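Dropping a structure here in structure tokens format, bear with me for questions.
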Amino acid sequence: MAQYKRFETEMIVRPDDIDMNNHVHNSRYLDYVLFARYDQMTRCYKMPMEDFLQQGWAWVVKTCFIEFKRPLNNAEHIVVRTWIDSFEKADVKVCFQILKKENGKLSAEGYFVNTMISTASGRAESIPKKIIDHYIQYTE
Amino acid sequence: MAQYKRFETEMIVRPDDIDMNNHVHNSRYLDYVLFARYDQMTRCYKMPMEDFLQQGWAWVVKTCFIEFKRPLNNAEHIVVRTWIDSFEKADVKVCFQILKKENGKLSAEGYFVNTMISTASGRAESIPKKIIDHYIQYTE
Amino acid sequence: MAQYKRFETEMIVRPDDIDMNNHVHNSRYLDYVLFARYDQMTRCYKMPMEDFLQQGWAWVVKTCFIEFKRPLNNAEHIVVRTWIDSFEKADVKVCFQILKKENGKLSAEGYFVNTMISTASGRAESIPKKIIDHYIQYTE
Amino acid sequence: MAQYKRFETEMIVRPDDIDMNNHVHNSRYLDYVLFARYDQMTRCYKMPMEDFLQQGWAWVVKTCFIEFKRPLNNAEHIVVRTWIDSFEKADVKVCFQILKKENGKLSAEGYFVNTMISTASGRAESIPKKIIDHYIQYTE
């Protein structure tokens, strides 16, 4: 069975991401994944967030799971790899890995389940077939 | 079977917590729980983080799961409720709920699994019986 | 000559405000002042930000100056004192002090110059006399 | 009279930098400058922060002034230009400009005054001649 393509975004850790333990603060990992998704929606899927908003849709986070493996340091170069796992009604499950660029070792991995909502009603809405068809182009 | 006590910490949403969607940014929920744990370790469990550090131990986050239910607004008063679920070797599972103070409705819930490490070795270390015994005082 | 009243807002430092130097990160001081202003606009001046927005106005930061005196620690209780210094055309200069609650010592002080803009045009607009008159009630 | 060289660091705005006004939050500008300084200390001046720490010195922010000119958007490419203005006893004044990469327009500018401290005593210490001589290599 075809699997959705994995895309990668490179980032550099900023000093303001570092916390009292001298490593990247836990919650900033979620921000890194969000940055990668925005980047990949535009650059890889050719369907930026603005396209969704213009059609009256938005994405909200339903659940998030993350497993921390190795700490990240100030100024470290990282790779954020994300891919679509599956669609179900209004939900899409997106998996991610955050890797140390220097050696490819895993720093964290997990997933987000995002729900499509109508910006007019604020309610969840089944993801239209044309959206899913668009993503199906990016399988391997 | 006895269950660990649930403690509550009150907070107020800050403007810098709000993101482009006009609600509290997803990753800030993790920061709220961290604030509540520090507060409750000192105020409720009478065993502040400093006590662990002085004994050569620290806690690192192993995994985190969060489910978002209702958005939070700027200046909103919230209650962060946390409790110990269980201990296993070097790990403790801590559950949390973030509630809207005004009406008690649930904004988010989830859990953290934290691992005790030796600050000298950086390695996981079984949580000592005396620590677990300390927490057992706070059951109901 | 009458001076504008000074108002105070209490806050508690959060763990996510702490940086690699184990003190509150420099940029978070600006966030503390912003929190205090939102609080004081509502609670002290009885003219919350929403009132401005409803009338088609918003405030943007024009300049900011801050002098750091003493570091702040995790979980520290602080007092953010702010007051209006002066109005000039579209600008208001607001001064602030951030104090350690325990001993009243100064942690930082400075000012913001904020410009009133029309949300429709995005352009600066002279602060209306009725707004200035409202603030003049709060002099001493 | 010779002037200190101006160095540039490129960055991309992250979604978590955006606030309720749909632009980069004011305090994040300070974080951008901090990132650029760390980068330039290593890459341009060949004297990374670690070198200072190893010699028992650290830098703390004494004052900061910033003037906001044009808002920045999510995913925007920016250039952070910084340069040394002058040394005085324990202080160095560093100026900065934040530019929109697309058109070179100024988004913000200002300065930081940083004080060198001894990490042992925590007290300000006159910047040693050898440090100043090092920076003098980077004049134009």
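First chain written, first letter: the chains are A, B, C and D, and each begins at residue 1.
Throughout what follows, a residue touches a chain if its C-beta (ideal position, glycine included) is under 8 Å from a C-beta of that chain, and two chains touch if they have at least 3 such contacts.
The structure displayed is predicted, hence computed values, not measured ones.
The chain with its Cα centroid farthest from the Cα centroid of subunit D is B.
Among the pairs A-D and C-D, the greater number of C-beta contacts is found at C-D. Look at where the CA atoms of subunit A average out and do the same for subunit D: the two points lie 30 Å apart.
Chain centres here are Cα averages; for subunit C and subunit D they lie 25 Å apart.
Each of residues 15-16, 27-28, 31, 34, 74 in subunit D touches at least two other chains.
Listed in rising order, the residues of subunit C touching subunit B in the complex are 12, 14-16, 28, 31, 34-35, 38-39, 42, 74-75. Taken in their complex, subunit A has these residues touching subunit C: 15-16, 18-20, 22, 25, 27, 74.
Here subunit D touches subunit C in the complex through residues 21, 26-28, 30-31, 34, 58, 60-68, going by the rule given at the top.
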